[in-house]
Amino acid sequence: MSYTLAMSQLHRAMFGDADVLKLFSADDEVTAIVQFEVALAKAQESCGFVPVGTAEAVAVASKNLSFDDAKFEKAVAQDGVAIPAIVAYLKSAVGPAFAEHVHQGATSQDVIDTALMMQARSAVGLVRKNLAAQLATLTELLKNFGQRTLMGRTRMQRALPMTVGDRLKVWQHAIAQSEVALSQLVFPVQFSGPIGIGNDAKVKTLLAADLGLAVVMQSWQTDRLPVLALGNACVGMTGALGKIGADVSLMMQNEIAEIKLRGGGSSSAMPHKQNPVKAEILVALARWNATLLSGLHQAAVHEQERSGAAWTLEWLALPQMICATASAARLGRELFDSVESVGA
Amino acid sequence: MSYTLAMSQLHRAMFGDADVLKLFSADDEVTAIVQFEVALAKAQESCGFVPVGTAEAVAVASKNLSFDDAKFEKAVAQDGVAIPAIVAYLKSAVGPAFAEHVHQGATSQDVIDTALMMQARSAVGLVRKNLAAQLATLTELLKNFGQRTLMGRTRMQRALPMTVGDRLKVWQHAIAQSEVALSQLVFPVQFSGPIGIGNDAKVKTLLAADLGLAVVMQSWQTDRLPVLALGNACVGMTGALGKIGADVSLMMQNEIAEIKLRGGGSSSAMPHKQNPVKAEILVALARWNATLLSGLHQAAVHEQERSGAAWTLEWLALPQMICATASAARLGRELFDSVESVGA
Amino acid sequence: MSYTLAMSQLHRAMFGDADVLKLFSADDEVTAIVQFEVALAKAQESCGFVPVGTAEAVAVASKNLSFDDAKFEKAVAQDGVAIPAIVAYLKSAVGPAFAEHVHQGATSQDVIDTALMMQARSAVGLVRKNLAAQLATLTELLKNFGQRTLMGRTRMQRALPMTVGDRLKVWQHAIAQSEVALSQLVFPVQFSGPIGIGNDAKVKTLLAADLGLAVVMQSWQTDRLPVLALGNACVGMTGALGKIGADVSLMMQNEIAEIKLRGGGSSSAMPHKQNPVKAEILVALARWNATLLSGLHQAAVHEQERSGAAWTLEWLALPQMICATASAARLGRELFDSVESVGA
Amino acid sequence: MSYTLAMSQLHRAMFGDADVLKLFSADDEVTAIVQFEVALAKAQESCGFVPVGTAEAVAVASKNLSFDDAKFEKAVAQDGVAIPAIVAYLKSAVGPAFAEHVHQGATSQDVIDTALMMQARSAVGLVRKNLAAQLATLTELLKNFGQRTLMGRTRMQRALPMTVGDRLKVWQHAIAQSEVALSQLVFPVQFSGPIGIGNDAKVKTLLAADLGLAVVMQSWQTDRLPVLALGNACVGMTGALGKIGADVSLMMQNEIAEIKLRGGGSSSAMPHKQNPVKAEILVALARWNATLLSGLHQAAVHEQERSGAAWTLEWLALPQMICATASAARLGRELFDSVESVGA
């Protein structure tokens, strides 16, 4: 088995969403980090809090970022976060005139939280595109097969006949509701300083505007509302698709044969089989995100002004939830696209 | 140890919220169930779907509900749900003229889901009262102690000095946000019939109005959005209070002594100790709800038109989450009320 | 919905195991608590650590235990645990000559942990009886139906034909392995004192022998190995039965009809249906225990010599896991007993 | 934030254990996969089930394994697992004389489960080395500081004085017990064929011997005992270290100062701070594994002879648990190595 299915050459074709994984690569994380530092310098310069020229100096320095890997890893191994090492690099790159104004008033958590929101906003955008495609395909399927008869089943027993449309509309509604939840997420900037008691409102507003993020005046360094809302929306979506995956697996049973898919997985031992691979993975991803969600909410118990342990737990859980959500969105789209017929 | 802390005479004084537990007693569940059946008959009669007199007959029958316990338990043991037994009782009680119109067009899940929403709405109302009291006490504490100095601490190390108000405002904001989330919950009626393909919109609307619930036209028999939103709001609130509980436990450490509480737990072995019992339980309830939340979202994977296994899992998790939330709301209020001073 | 399915008159016929619930009632918890105090006095008296007559005095006092409920609840509300109130009661009941020797060298956690192990050992005994009955019935089913053909299915698709016996043996092996795991559990006494640094080995040994528990010399006040092992064994068993429940639900699908059960749940709306209620609940209980297990292991993070928050979280999770395990053991037995035929 | 802390250049210096991550790389997974196929051919050839020369042919083919990445990814995207593509490659490489004897009697799950056990066994070996080092360092710390006084603390309040040795022995015992649990794990071969009804016992035994794995005669394709036992042992170990991490964080509080560490994390905003980074991460990893454990046990509910959805969920959870365990083992060792003094 590979450490992560999404990143392994052996599994990623099925599990990973390459675009979203790229957003959560170290490269893209560094890009977001330096975007924060540049935008901060700009905002502070335009408020007169740092000398004229700071923003330009930071921008130039950030373009030529190059780390001595060994030195960098040693710094991270000591500090637990990469920000002090990156800030030290920028300070040295801008030279003594501006050094003290790099990262001014900010703390590591400001940078990481903000970078996370930038990454998450982009990822959610990609997810929503896949959901829109799913909804379009479902509309098509409804038109083509909606009038056909389907046996309504409850508690896994035949209940009463209904139409294919009756079931597809339930799917459609659940996906549409997930999409609404994702569309209503707020991605705020974090700029709250070392003990979270805030920073200049104008700088925060300019910074947010520059980075395309929202402003919430209160620090969310310990009150992780935006993060929990994001996790909740992710699991809502994978849950909706997990239900659909379970339905498709049941509909594909040979004796029931209520749905026909193009393609489908083959078996190393039984060439005659056609496995509902994508449907199964949607179930697995739903349960995976439901698992991770617990960790995300365990991470809500921050101590005092900023917590190391709780925040780290969030880092472990959240990116995986977002990427699982993206994989589910892609697989769901592919699954719907592969439907040859529903009902009889 | 007792099966549930909330219900055991040995533990409930600390863990249970009596009012909310009563809402989730068998008696109150039966009350909600028959309210549904009465309101349904009324709504259908006013739409002309059942004979004049049905509503009155069901209402009368529901008032004299009396079960043969042994017979009832046997029925439940067979059917898995109590509704068929209750409906059979009502049918027999209204007599042959109306029997076929009792529970007309409804299924067990309609009744149980609707009763759940009635119970949940009342429980959330009680929770919100405790949160309002908490916010009032915090305002008082802010007035009395907000100007005092407090050491800001990050990663459990002294960081920079700030004021007591700086920390209390973080607490206040988190509680206020939880309250907002609870206030925005929607509690819909369920009336979707045996395979969830809906029922007369007018009956549904009248039914909802009678029971004080919201209307969503689409069935939520498998798309458990209202249930998941409720769980998310519960864990959001207990998480916010769990953070505060962790803070208070840390502030009460003897060498740090940043907060003084009245009362507090004694020890069977060390009479000199004063244990921050309520603060600790707030942490435990936060982690408990974060645990249960995972089960609630595992229960999102319903099969086909209605799932037995997933729905049962929801039953196991959700009432416990609501009751834990209510306990936390009460304990949080008591904890704030017991604050003698904060900071120095 | 009711607060706990296992205790509600509306649901317990399906969900509760009455015998195991009784073991985790407040009454039985108090009984176990006073058994500890009596056995401790006896052990200490026989070592000469308390005056002759102490054991007798505690034994007599413990027989006439009667609490003023209001006073008792007030004490619990303050201390968070019931032990100080019970110990105070015993001290007063034995009179000044022996009062200081009641609970000597013990702390609340010693009593509660030990009582828990007494309750758990009895519960596991009951569970194992149901597993033995399951295994006997499976042997019978194997004899009667083992030679019949059954379609082997993988990834929910027809794979290759096999025999009914092939599948039943998998069930049997999983149950047998669960039984082995339960049979190997160790239930140790706790007698480690206020800060866990141990107590007289001879007293501990006598105490354990008197209560029918094992001895581990090292305190397990924070190293919750026996508790975690118990939880792991519980979830192992419910997982094994959950797999069987999933199989039975799939086998009972109308088009597949690989198993016939006697009885089975009826529907309030569709009298023709026969729902695989017990099989579904086995799935739900497997997922419920898998959910709770996470909380139990979150509770492993104890602080310092004894933790309030972590220990409380354990209280919330563990008794529920044990009772869910007992319910599953009973339902599994009933499910196997109801099998009319398997295969064709 | 990066998708996985363990693999990101930005975080791995703190979170990853390079050796164990390598074991769970795609390269090492492929290596284990082909080792299985080679060993299988050898075992079958020595039993006379495949023509003489098969083993040699497979061994040669496996050495020159080279995939057309695009073609390979396409195959995986279709089948959900990589084995059919790898087997097809080997079949073509050995030529028509032996092709039908490659992977004979095996199914994808046999290969993946066996490879997983090979990877896990090696990983556990590395973890145990770090635990042995931890225990050695603790012995040293006990010798140097064990006699010093330490305040015993319960419920986060000062309780009674004890020695540093009293606390260190609790740590030591918990780690030693974790080590015992890991040392008792059984890593069995899987060779059960497409529907799990087993295969030749002699082939299985030879195969296991060749790969250094254990033999269990019953298929564990759906009864995931070895996997669950592995997960339980992992979370037991990270829980033990999480408790120690929590203790160290509390001991390092400035006002309490019961432990002194060399090194320690710096802050981007407050250069005077020394953050207990490794201790915090141990807490986070304990909670992370407790989170993932739930998913692993959710994955116990396999359907029929082999489940796609449940198995996939296991893939998502288990490698991450093992790698988190390895990271904790390394960080724990580094933490103990960095102790300058304990107590006063």
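To keep things simple, chains are lettered A, B, C and D as they appear, and every chain counts its residues starting from 1.
Here is the rule we use: a contact is a pair of C-beta atoms (placed from the backbone, for glycine too) under 8 Å apart; a residue touches a chain by one contact, two chains touch by 3 or more.
Nothing here was measured: the structure is a model prediction, and the numbers come from that model.
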Higher-contact pair (C-beta pairs counted), B-D versus C-D: C-D
Selected from B-C, A-B or A-C, interface repeating A-D by over half of its contact pairs: B-C
Euclidean distance of C-alpha centroids - chain B vs chain D, Å: 39
Distance from the mean Cα position of chain C to that of chain B, given in whole angstrom: 26
Centre-to-centre distance between chain D and chain C (centres being mean Cα positions), rounded to whole Å: 30
Multi-chain contact residues (two or more partners), chain D: 154-156, 159-160, 194, 246, 249-250, 265, 267, 270, 275-277, 280, 283, 287, 290-291, 294, 298, 307-308
Of all residues in chain C, those that touch chain D in their complex: 152-156, 159-160, 162, 166-167, 169-170, 173-174, 177, 194-197, 218-219, 222-225, 228, 232, 235-236, 239-240, 242-243, 246-247, 250, 283, 286-287, 289-291, 293-294, 297-298, 300-308
Residues of chain B defined as touching chain D within the complex: 154-160, 249-250, 252-256, 265, 267, 270, 273-277, 280, 294, 298
For the chain A and chain D complex, residues of the former touching the latter: 1-14, 21, 24-26, 29-30, 69, 72-74, 76-84, 87, 103, 106-108, 111-112, 115-116, 119, 193-194, 245-246, 249, 263-270, 275-278, 280-281, 283-285, 287-288, 290-292, 294-295, 298-299, 307-310, 312-313, 315-320, 323-324
